[in-house]
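When the chains are written out, they are named A, B, C and D in that same order, and each has its own residue count from 1.
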Amino acid sequence: MTSFPVENSGLGAAADRPYHETYRQAEHFRTQADEFDAVKLGVWLFLATEILLFSGLFVFYGIMRMLHPEAFIHGSSLLDWRWGLLNTLVLLYSSYTVASAVRCAQVGDQKGLQRNILITFVMGLLFLVIKFVFEYAPKYAEGKLPGFWYSYPNWESPYEPLWWGMYWGATGVHASHVIIGMGLFVWLYIRARKLHFGPKHYNAVEGVGLYWHIVDVVWIFLFPMLYLIH
Amino acid sequence: MGGSFGNDSIRARKQFSTEAQAMNTLALDSWLRDIWLKPGNSNLAPSVDGLFMFILWVCIISFIILMVPMCWWAFKYRRRPGHVQMRTPNHNTFLEITWVAVPLVIVTIIFFWGFHGYMHGQIASSQAEIINVEGKKWNWTVTYANGAGSGEQVYLDAKRIDENTVSHAYQAVPIIVVPEGRPVKFMLTSSDVIHSFYIPDMRIKMDVFPNRKTSLTFTPTNADAALDQAGSLYTSAADAKAAATGKGRDHFIFCAEYCGTFHSEMAAILRVLPEDEYNATLTEWANIEGKYGFNGEKDKAGQQLLPMWQLGQWVHKAQGCATCHSVDGSKGSGPSWKGYYGTEVNFAGGGKVAVGLYPGLRDIESTWDNYIRESILEPAKHIHEGYPNQMPTYAGKMSERQINGVIAYMRYLAGKTDNIPTGGPKPAAGSSEAKPEAKN
Amino acid sequence: MASISGTNVGAHGHDHAHHDEPYLTPKSSLWATIIDWATTIDHKKIGVMYLVAVLFMFFLGGVAALAVRVELLEPTRTVTTTVNGETTVQITGSVMHSVGMATDMASAGDWYNKIFTLHGLIMVFLVIVPSIPASLGNFLMPLMLGAKDVAFPKLNLASWYIYLFGSFFAIASAVVGGVDTGWTFYTPYSTITDAGHWKVVFMILAAFILGFSSILTGLNFIVTVHKLRAPGMGWFDMPLFVWGMYGTSLIQVLATPVIGITLLLLIFERLFHIGIFDPRMGGDPVLFQHFFWFYSHPVVYVMILPGMAIMSELIAVFCRKKVFGYRAVAFSSLAIAAIAFVVWGHHLFTSQGEVAAAVFSALTFLVALPSAVKVFNWVATLYKGSIDLKTPMWYALGFLFLFSIGGLTGLFLGALSVDLHLHDTYFVVAHFHYVMMGGTIIAFIGGIHMWWPKMFGKMYNEFWGQTGFWLVFIGFNLTFFPQFIMGVHGMPRRYASYVDEFLIYHQLSTVGSWVLLLGFLVHFFNFVHSLAAGPKAPPNPWGALTLEWTDAASPPITHNFHHEPVVTHGPYDYDDVVPAQTKPGEFPLPPKAEGRTVHVVKAGH
Amino acid sequence: MAHAASHSAAHAAHAAHGDHGHDHGHIVIPQRTLLVVFGILLLGTLATVAAAQIEVWFAATFDVVIPQWVNVAVALSIAAVKSTVVALYFMQLRYDNPFNSLVVVFTLFTLAFFLGFTMLDLGSRKALYDYKGSYVTAGGQGNISVPARPGAPAGAEYETIPAGTSIAQFARITAARQAEQTLANGGTLPAQLAVFCAQEIQRLQADGKPLPPYLVKFEQVREQYAAILAKKMGHGHADSAHAEQGASANHARVRTGLTLPEFSQHSSHSKDSGHSKDAGPAATPAGDNPAAK
């Protein structure tokens, strides 16, 4: 017979052992498994909101493509699918590395964990560099801009400003998620260096990993929708 | 053709409404109907009103079924000395199925009834009279098939406010006439934001969108033949008559979708006229511009024409200039026209109305005439400092003659003795109105 | 807050003495207390802070509502106008005319538009959406589930600060001049009004930020329900309040992100003109309405489901009976949450295509069924109960009355042909006020009365509570019933002025709003008096069976329970748990907490 | 006694909690599996690109019209498969608490409702009358101020688009203005303006209209842009393998059967046109309208 174990604050790490070995769940959870499940459910619910956030952009795409197909088809032909392909590969690889990172945390491979987080971060950076340098900058220079700012004369459908609105909106919101994810990886990396994660405690790695996968999944859809339709 | 169709329609409508009346044998029903529903004046009204009353009865009966036991039990089983609580079952499958199934049946009826009536307001007869209406902040402009616009305006608060002593709290709104007994189809579009064309007495409304057309249709009934003078809308005699018969009154048209500052003033009046009066009115309105000429001008029959500034006065109301530009000096969302012409006007981005604004125009009056013309056709080009840039363009909606009328009216309001535009815009080929003429 | 310790639950020897103190116990100094509250992750304190904030916002929104009603006392614009550059308030129309009201009708109209927009925005985003879930839900859910806290206490605190931050934006945009878009932000009006200024963007941002608060709260609650139920509490042993919160949270999580992206797109549209909602570029303003109502229709169930949740508790406790058809009521919460997602098109009957209108109309009627189930079940619960006509019960009865009217009038609006007539008229205004205010706010006030002793350990004055109820009830009906009639007569919404034939209804309505104000003031002073000088509350003044009453003190200790509660009976098993009434006039209470609580070895240790 | 009974009851109840599982989500996925999944994703990516290329090739070689939904369906199906693989393995849904999968499924349902019902409305507006789904002015109406374009009058921050002109049309107006200025000053046109001029000439010649002076001037200096024009408007262009920028006659795009919609019948206040689809028992030809008499 015990009463509530109020003393097991999650921050109580003994000096000589790494944080992840002494980690105990927050006091209002009965077991560590409960906490793990709760965190994961919480993350999944958050991912649900992320999917639905992007759903607005998919509906934007679907509706406007339905209303103005010729604008979307010509607009798509003005994008270079090879940059899109490269970016897809970059993101897929980062997805692989982040999955490996979770695995490393689970088996206690601290070096592998740090390495994978770092690679993922670099991949995110590479994605953004490709995006901004090879996609955004030339389009900005040519006037392929959304709505009011549009000044590209060689259009085929008068609704092409709308296509560019969709393009910039969707890729912009996605890029902002990549940037947020990169910030999270910095945070993870710092914690990983302090040996915060291990087989008993890898909630944060797993959560950020799930987030990064969703960012990847969104791009898996955006790539064919933006670059490959014709 | 239209006439014969109209007669058939009236006959059908009368038959239908007689049946509807026969159904209302309950005195309570007609009492409720009087409280809730103003008389409807279209072919849609019997269906809508019938469904409304049906749902009202459903509501009343359901409400009684809920409230009587609630109040009775709350009283009977109130906790008090001497009252012992009894055990009761915690659920009853039959009851629970019942209060799902019965509402399901009722709402199914309501749905189909509503859908049926709805489609009547959407699908127009191919022989419907087509009336184009454009909504903009904050007025309705109507264009009939013969090119006529609304030729008559009325103040919504005509009854309450004495026109001679106080300025109106409401702007004048246009009157739209429709033929009795013939289906009409309003083609609606907007030039700025979303509006909604709402005619309560016809039981219909439809949103009005920029860059897209929508429509609504109905067959007006109950012509207001007795109404032949503007403003009689608000006489008590008309009110009494309307209450008794549903005839003899004008019908409000409101904007039902929020559209900004003067949303509540964005109204019009719908007037149902017998076929012959309707046609006559349209002919008269189509020729309205022909009634105005320059001073001293006469028409073909030798009749003295009205002065040009009065055309501007008419345009001011008919095109809805009145919603933003007052003529009594009061501040609206645009500058008042009273004494405006020729004053010092600074632009929002710097600059002012002065000689040199338009190349080639050497005198201030020509500059002003062109400034007014430009403001009508390209309002955003030079914004009067201190006023929002929200005026829509009237390009394609006002004739050159109307624009000249507006210029003349503004000159009149500024106390200029001659009412003829001076420099004026370059006249269109073949027209002579805009020619600068010698003063008197 | 005075130190209140009304607990009679046995104090056990415990290492951490401060955890046994009532959560309201102040710290050593005022400053320490403030810091404690500002950094607390205790769901009870966060709930109380939400309660105070929501009630304050309700006050602000109410002031805006009263201003709207005063403006409509007369047909012309009466309340605010700018004369010679100064804003003056005029009450009577004749004065208005004599001082030249027509000198600035534009600014009078803009004032009205800003005030009703402010009213809508505050009441929807700052009051009704967070009201019950964030305040009572936060306070009660862990208690009802027998948990020590919500699943993510820090997230809970974060969502409170996000709420504060969003409120700050909303109030800021009102202070710097207000927005006149209407709370619905319909395009293209909202993208072109007030061009060149940031006020509208601020307001949209405020709604955007508040959405995150809502999402985080909902997410937190779902996980709490899944992971933190007390041992022995199965899904159908949960109080119906928790069921209602669960349905609410599902909608919050699934619908709120859509308003997030909608508002984001609206900001893009306003700042960068991307064109999606702009007909001037081939976009579609009706698409915005779809986006908007995809969130905002489900969110009306976010507003009403918690009200229904409170109702189930009120009725069960004050009738001392199990809610009739518990499972039907529980499942109807989920059914409402599900159907809520496919009926949004009934806000667009006048703007969408005919096919979609027909489909949405048919689906709309489906939502009537679970709502009807709930109302019938509540009324059936009264049958042969032991009905204690205290203030909360009066509010429950008032809820049934008003919500029935609100729900039934929805039938008019779901029917296509009738809706074409009633759409965007005062009929709609009356309908949703009967549901939102007559439903949610009435239940909220009833709930506050019911849980007041639990939250603050003090009893309120019963006489003034009931007086307040009657004033609110009468004032409410006087305010909003005339609006049904003038709506059917054709009075459109959001009108600063109106034609003469609506005069009498508007005047009745305005007078009613004053009675309503009086009722709320009575409640307010009753609560203040209770805090200052109310009698001490016993742990279970109503004889209820849910854990927050049976196992927690009034007010609860910081850790909620001395021992982990174990659930051995359902939340409303009065028939089985409460000793049978043997003598008339004697109303036995359920057994005390100590008699029942079992200490268990925690699983997993 | 009661003590003990509830004790065991509590244990039983606790153990029976379906979602208090302790084994979910702790599966360590072998590195090998992760690699295989990554390989599948790469293959999927290549497949979706290849499908698009093959379709272009197929349509051009066999001269068939492939409906545009084919491309969309293929691309999105592959994307769906890839996402599912990511969700099942990388995101471990396969080994996870089933409720998490339920969350995803409900989310996708929500998305489907959102997209489906919105499309239902916007796709069915023309059900009764064609004009309800059409736009009055192609590409949108004008009468709006936009940030000043290159070539705008000096000092202007904003320019007003003439009524009835769309943003896209205005882009051509400003491009013409800019090209005119550049050519008048003897400057060299940027690539996209050169392409624009060439296309403008094609358009005007197709309509049998005379060329404005700046295009005549462009004709004279056309040779110096030959390389750009060949690249952008001819067959082998560098911008992308199947992309082309304009109205060249033999471009390699898949033909989808799409044509630009006609707007002329909606652009005026239609007195008789635009109603030919009016439903009704006795639909009459357009113009047979009592009001028109």
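Just so we're on the same page, a contact is a pair of C-beta atoms (placed from the backbone, for glycine too) under 8 Å apart; a residue touches a chain by one contact, two chains touch by 3 or more.
For clarity, every value in this text was computed on a predicted model and none was experimentally measured.
**Q** Using only alpha carbons, which chain's centroid is the nearest to the whole structure's centroid?
**A** C
**Q** Report, in whole Å, the distance between the mean C-alpha point of chain C and the mean C-alpha point of chain D.
**A** Centres of chain C and chain D (C-alpha means) sit 41 Å apart.
**Q** Can you work out the whole-Å distance between the CA centroids of chain A and chain C?
**A** That gives a centre separation of 35 Å.
**Q** What is the distance in Å between the mean C-alpha positions of chain A and chain B?
**A** 52
**Q** Send over the residues of chain D in touch with two or more other chains.
**A** If we look for residues of chain D contacting two or more partner chains, we find 19-20, 22, 99, 106-107, 110, 114, 118, 122, 128, 132, 135, 138-141, 143-144, 166-167.
**Q** Two or more other chains in contact with one residue: find those residues in chain B.
**A** Each of 122, 210-212, 389 in chain B touches at least two other chains.
**Q** Provide the list of chain A residues touching at least two other chains, using ranges where the numbers run on.
**A** 31, 33-34, 37, 41, 45, 48, 51-52, 55, 59, 63, 67, 147-149, 158-159, 161, in rising order.
**Q** When you check every pair of chains, which ones turn out to touch?
**A** A-C, A-D, B-C, B-D, C-D
**Q** Within the complex, which stretch of chain C touches chain A?
**A** 12, 14-16, 19, 142, 147-149, 151-153, 155, 215, 219-220, 222-223, 226-228, 253-258, 260-262, 264-265, 268-269, 272-276, 278, 281-284, 287, 290-291, 559, 562-564, 599-605
**Q** Could you list, by residue number, the parts of chain D that touch chain B in their complex?
**A** 128-129, 131-132, 134-137, 140-141, 143-145, 157, 160, 162-164, 266, 269-272, 274-275, 278-280, 282-284, 288-293
**Q** So in the complex, the part of chain B that touches chain C is made up of which residues?
**A** Listed in rising order, the residues are 35-38, 44, 47-48, 51-52, 55, 58-59, 62-63, 66-67, 69-71, 73-74, 77-79, 81-88, 90-92, 95-96, 99-100, 103-104, 107-108, 110-111, 113-122, 156-157, 159-160, 166-170, 192-194, 196, 198, 200-201, 203-207, 209-212, 234, 252, 254-265, 267, 324, 326, 328, 330-333, 388-390.
**Q** So in the complex, which bits of chain A are touching chain D?
**A** 31, 33-34, 36-37, 40-41, 44-45, 47-48, 51-52, 55, 58-59, 62-63, 66-67, 69-70, 73, 77-82, 85, 88-89, 92-93, 95-96, 98-100, 103, 106-107, 142-143, 147-161, 206, 209-210, 213, 216-217, 220-221, 223-225, 228-230
**Q** Provide the residue numbers of chain A that touch chain C in the complex, in ascending order.
**A** Residue positions touching the partner: 1-7, 26-34, 37-38, 41-42, 45-46, 48-57, 59-60, 63-64, 67-68, 71, 146-149, 158-159, 161-162, 164-166, 168-169, 173.
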